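This report concerns only the one structure given below.
By letter and in written order, the chains are A, B, C and D; residue numbering begins at 1 in each of them.
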Amino acid sequence: MVTTPLLSIGVEPLRVDGLVSAVSGEGDGAVVSFLGLVRNHNAGRRVRYLEYEAYEPLALKVFERIAAEARERWPGVRFGLQHRIGRLEIGEASVAIAAASAHRADAFAACRYAIERVKQIAPIWKHEFFEGGDVWIEGATADPEDRRARAEAERVACA
Amino acid sequence: MVTTPLLSIGVEPLRVDGLVSAVSGEGDGAVVSFLGLVRNHNAGRRVRYLEYEAYEPLALKVFERIAAEARERWPGVRFGLQHRIGRLEIGEASVAIAAASAHRADAFAACRYAIERVKQIAPIWKHEFFEGGDVWIEGATADPEDRRARAEAERVACA
Amino acid sequence: MRVTVRLFARLRDVAGASELTREVAPGATVGAVWAQLTREFPDFAAYERSISSAVNADYARMDREVRDGDEIAFLPPVSGG
Amino acid sequence: MRVTVRLFARLRDVAGASELTREVAPGATVGAVWAQLTREFPDFAAYERSISSAVNADYARMDREVRDGDEIAFLPPVSGG
């Protein structure tokens, strides 16, 4: 049996079944998972493909931080987070998150919180290749200590 | 290629990958999925296994209704809902839901809304076999026209 | 006229059958069929305020008139998911 | 003393390298390293208010003093997910 690492970054395609199995225990009644997919359009542009790059050792530490934040806020939630890097085609998954809990409210909240935090603080960048050019997408200034960002992620998670 | 029915009831084990693929299109940036799992405990009892039963033709119509409600509230969301019946062991999935959308907020909300509605109005019953006995679980009086129930599902979905 | 009655979960256990055929009076409502069953199975009375019903696999209210050959289903509180 | 500088995304494109080695003054801060790079690559100036930084693969503030051999990373606004 292949073990699925709960927190990882790599070039291999992401699948959600393995992650769901890896986080689920016999006391869990709910697993919520999120897949981020490469869309064929963005900001009015026709996207051809994306390339993701990461500062891998820091990104893995950030994933551990996000997992710890989620466990602190929702005790008992088991949590997995995998991000893909390299070239991704339309429809492929860039990120997979799974959160398992005895009750569904916590699983939904923890999963949503995690993707918000990934977008806020994970040192990962998206290079978009569209019809007619390419652009580095620049989102949030990463600051893991920013309490307002964390509070916003909790608000969006409907916690 | 095997096509995955988007709305179904059956005795076969549920997997989330197929449903996720079935709902995702090239314009979607997010897929949120929910798996309901058989827990090893409930209300202080040690659960041995569950048996689910459904009024199948009505349940399928209810799934169509829930899909229509979700599409009405979150236009553009693609939606799948599968429920298992028969005997389920600890850790197995009783229900799988997937919602795909251009943006993650809608996918999270539609997925959460759907599981709430399943619990409110799907004609499905859970027979719990625990250490020392068995009990039919009786939850909500099913009334698809109850606007307060629907509003509560929207509230919980954080819509 | 005759109707088919479908019973689920504990109602099925109480009645000892998932499907019954019963004669009902012309013009009878779903509620009248339910009342008739409650006389036959007194334990059904506990579900008086929590039952839902369906006719021919569509949810229907208790005041719905039934027709010959209808399939009437009585649904205790649901617990799917 | 010498430090390694890691650059990502558009900063890497602007500098034409993902990794640089630079001499810095004793007692220099991360911010001083950044200022030095901005003189070398004027387009970095646009990131003055949006940059994040890390030392040895941990987030660090701009006022952090660097040591000989440190790996200093400059991170433009992130866009993972």
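What we mean here is this: a contact is a pair of C-beta atoms (placed from the backbone, for glycine too) under 8 Å apart; a residue touches a chain by one contact, two chains touch by 3 or more.
Small disclaimer: the values here were computed from a predicted structure and weren't measured.
Any chain touching subunit B that also touches subunit D appears here: A. Between subunit A and subunit B, the centres computed from C-alpha atoms are 23 Å apart. For this pair, subunit A with subunit C, the centres built from the Cα atoms lie 49 Å apart. Inter-chain spacing, taken between the CA centroids of subunit C and subunit D, is 74 Å.
Looking at subunit B, residues 36, 115 sit in touch with two or more other chains.
Listed for subunit C are no residues, as none touches two or more other chains.
Every pair of chains in contact is given here: A-B, A-D, B-C. Listed in rising order, the residues of subunit A touching subunit D in the complex are 36, 52-55, 57-59, 61, 83, 94-95, 115, 118-127, 136-145.
On the subunit C side of its complex with subunit B, the touching residues are 6, 8-10, 13, 49-52, 54, 57-59, 73, 75-81. Against subunit A, the residues of subunit B that register as touching in their complex are 15-17, 20, 24-41, 90-91, 100, 102, 104-105, 107-108, 111-112, 115, 156, 158.
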